[in-house]
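Next come two complexes, and both contain chain A; in the first it sits with chain B, in the second with chain C.
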Partner chain A sequence: MESLEIKIARDFSFSPGPRYIDEGKNSGEQFRKHVLYPKFKEAIKTNIKIVVDLDGTDGYGTSFLEEAFGGLIRIDKLSYEEIIKCLKIISKEENYLIDDVFEYLKDAHEESAK
Partner chain B sequence: MKKLYITKKYKIRNKIQAKNSLKRRLAFKVHKRQKNISELGISEPELEHKRKFEDPYKDYKKIHAPSKLSFIENSSEVVEFIDKLKKHYDLKSKVFVVLKDVKEISYDAIVVLLSIMVKFKSNKIKFNGDFPKDPEARKILDESQFLKYLFQQFKESDRYSLGQRSSIHTHAWKDVDSELGSELIRQASKTIWGEERRCQGVQRTLIELMLNTNNHADDEKKGEKYWWISVHHDKENEKVSFAFIDFGVGIFTSLNNKRNGSKFYGVLEKVKERFKYGNNADLLRLILDGTVHKTATNRPYHGKGLPGINMALNRNQISNLNIITNNVHANIDNLDFKIMSNSFSGTFVYWEVNKTNINSHGITRN
Partner chain C sequence: MHTKNLLSNIIKVLFGLVLLAIGILIGKFYNFPHFEISKSIDLINLFSIVVTVGLAIIITVFFDKRKNDNRVEKDLILRRVDNVYEITAELQKESISGTIPYTEAASSIKRINTAMQSIYKTIEKCQFSIKDDIKESIKNAIGDLRDILTDTPKMSEEQIQNSELPIEVKDGIIYYNRQRIAQIEAKFDAIKDSLLELQIRINKK
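Here is the complex of A and B:
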């Protein structure tokens, strides 16, 4: 299956920051709005896989990842099933982040279903 | 022009200025009279001696620093010291910090001294002090350039960077600054491993702390309080220590004050009901292991906030983690959670990074 790759360190920032734009530079909100969501829309539309590579950065605050991925459901109203179908996460340096990201998506999905 | 002077506006202004001027002249007259009375019968040479050697800070409130100025090893006394300074800051009264009897200063106390000094000076409240007689303590203060800044003016500013060319760097701001975190880690890794490396656990710790200050230190508004961080490079022992402080409401007060609509609203009652914790020391354990988060959200916990810092310690990404907030001092490495006799309004976090901590190679910046 064809895929689209996003490497955060290359395509966004080496130093991902806080959750919201008003909290500081390189926020999860900024990443979602300008990088992740446009690519996701494209991937869903063309039915291709999207690979997000978390390696190579200085490290992540939990809020960055939660806002970036959870926000796709909460704010951008993408469907959980569609995201899960086309998302692949690479995180060799901090492998626990893969589970975290999928849990953030699950939480956002359950929250939005309420 | 003449017409201007007889306008009503001018007359009112002139009257106010004359009134204020008279007030100042009368006050000075009283002061001068009192001074003359106090100097009656004193000879000219005696007066000269008095002028030369009398304490120039006699109208400053003297605050004695504890002889062991270490937030980690002497937390109760340091909290008491901060509390006294805070009271005078609130009253806007001049303060002189007596450091001459300090026998021991640890690097974690530097951030306390510098942040308080800048707080006073930037608000135009006179702040001064002396220096320790003990050579070792004096050396540490010199390294931090505290004495240099003591005679410098500070403006109310967005951010501060102190001691850039020394082994103790101090920074302050209100926003989350991941790029500063990255820079501090790169410098730290050179001291520890002799080359630039990435320490994702340290970066997470810094981001979570800055975010906590930005989001929770002030009950009313986001981004109101400063966070301060001091980093000390110990080249000899290949170790770098980080001391972070904010003078917000502190963790427990913040949890207690959560309003309706916050996911943590009413969480303390729920946690108390389920886990029957005894005091804030027990509560901090429950916060760090994610229990409070789980109780508030009814969801499994994924390393958010303070528990994320605890996980960085458990993954061996940082060492010697200490948290002091409100009436609790926790040395998390040793599972030592203590209740202090005084309460600190704010949050202080200290940790170290050494050769044994997990890190990543490879920094490519384009």
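Here is the complex of A and C:
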């Protein structure tokens, strides 16, 4: 399966910021709106995999990752199943972040189903 | 270093020779009452003495070296755990002041995490085994700290402005209220307890 790679340190910022654009620079909302969501739309449409590489940055706060990934379901209304089908996360430096991202997606899915 | 070792070996050999000479002189000129010293020694006894002395030397040298190597390795690992403790203490000091830049909180957590991964790799290389429960407890404590320090509520700007929030971010700076600071302190205590437990376990190895 073909894939599309997003390396956050290269394609967005070396220092990811807070949750919302109003809260400061390089937010999760900004990343989702300008990088992640457009690529996801393309990937779902063309049935290719998205590989998000989290390595190489200064580090992530919880709300950045939650807003970036959970927001795809909560705000952009993408389906949980479609996201899970085409998303692959790479995080060699902090491998527990992979589980965290999938947990945020699951939580957002469960919240939206209520 | 090489010259120092050579000198030390020469001194050891000379000391051995002096002891031997003293032994011969005592044997020659002094008569021990109630004891008879035989002037001959049978071959099997001589072989047994040589083997015993050889084994004693090998065991002492081998175990001493191993014990010494273990101590050095343990000290190196413990020093690295101390470094993690220092990073944690710095982050604690700053965050309980009530404000911290968002990126700084996130990067300090990453530093703590990557330092811990590197410590576990070193522990493995040194062939000490550390049970997974302590690794899990440290991982959970760091995860909880990351959440309490950097998880801001999912709300609209209007809702944020009209609420009394335990954590807020303005211009990339996080502000905590008193209640959140108390929770943060508790999370730092949990991490420090786990790090201390790890140090104790490493030291017991």
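In the analysis below, the second predicted complex is superposed on the first by the 114 of 114 C-alpha atoms of A that agree within 3 Å, B and C clash if a C-alpha of one lies under 4 Å from a C-alpha of the other, contacts with A are read in each partner's own complex, and residues count from 1 in each chain.
Definition applied: a contact is a pair of C-beta atoms (placed from the backbone, for glycine too) under 8 Å apart; a residue touches a chain by one contact, two chains touch by 3 or more.
No experiment lies behind these values; they were computed from the predicted model shown.
When the shared chain is aligned, chain B and chain C each come close enough to touch A:Arg19. When the two complexes are overlaid on their common chain A, residue A:Glu5 makes contact with neither chain B nor chain C. Looking at the shared chain after the overlay, A:Glu103 reaches chain B, while chain C stays out of its contact range. In the superposition on chain A, A:Asp58 makes contact with both chain B and chain C.
Look at A:Glu93: by the touch rule set out above, it reaches both chain B and chain C. Within the superposed three-chain model, A:Glu66 lies in touch with chain B and with chain C [touch as defined at top]. Judged by the touch definition given at the top, the superposed model places A:Glu82 against neither chain B nor chain C. Chain A residues in contact with chain B (one complex) as well as with chain C (other complex) are 15-19, 22-25, 58-64, 66, 93-94, 96, 100.
Residues 13-19, 22-26, 56-64, 66, 93-94, 96, 99-100, 103-104, 107, 110 of chain A are the ones touching chain B in the complex.
By the touch criterion stated above, chain A contacts chain C in their complex at residues 15-20, 22-25, 58-64, 66-67, 70, 74, 93-94, 96, 100. Interface of chain C with chain A (complex): residues 102-103, 105-111, 113-114, 139, 143, 146-147, 149-152, 154, 157, 169-174. Contacts from chain B toward chain A in the complex involve residues 175-179, 181-182, 185, 198-204, 207-208, 210-211, 214-215, 222-223, 297, 299-300, 302-305, 308, 360, 362, 364-365.
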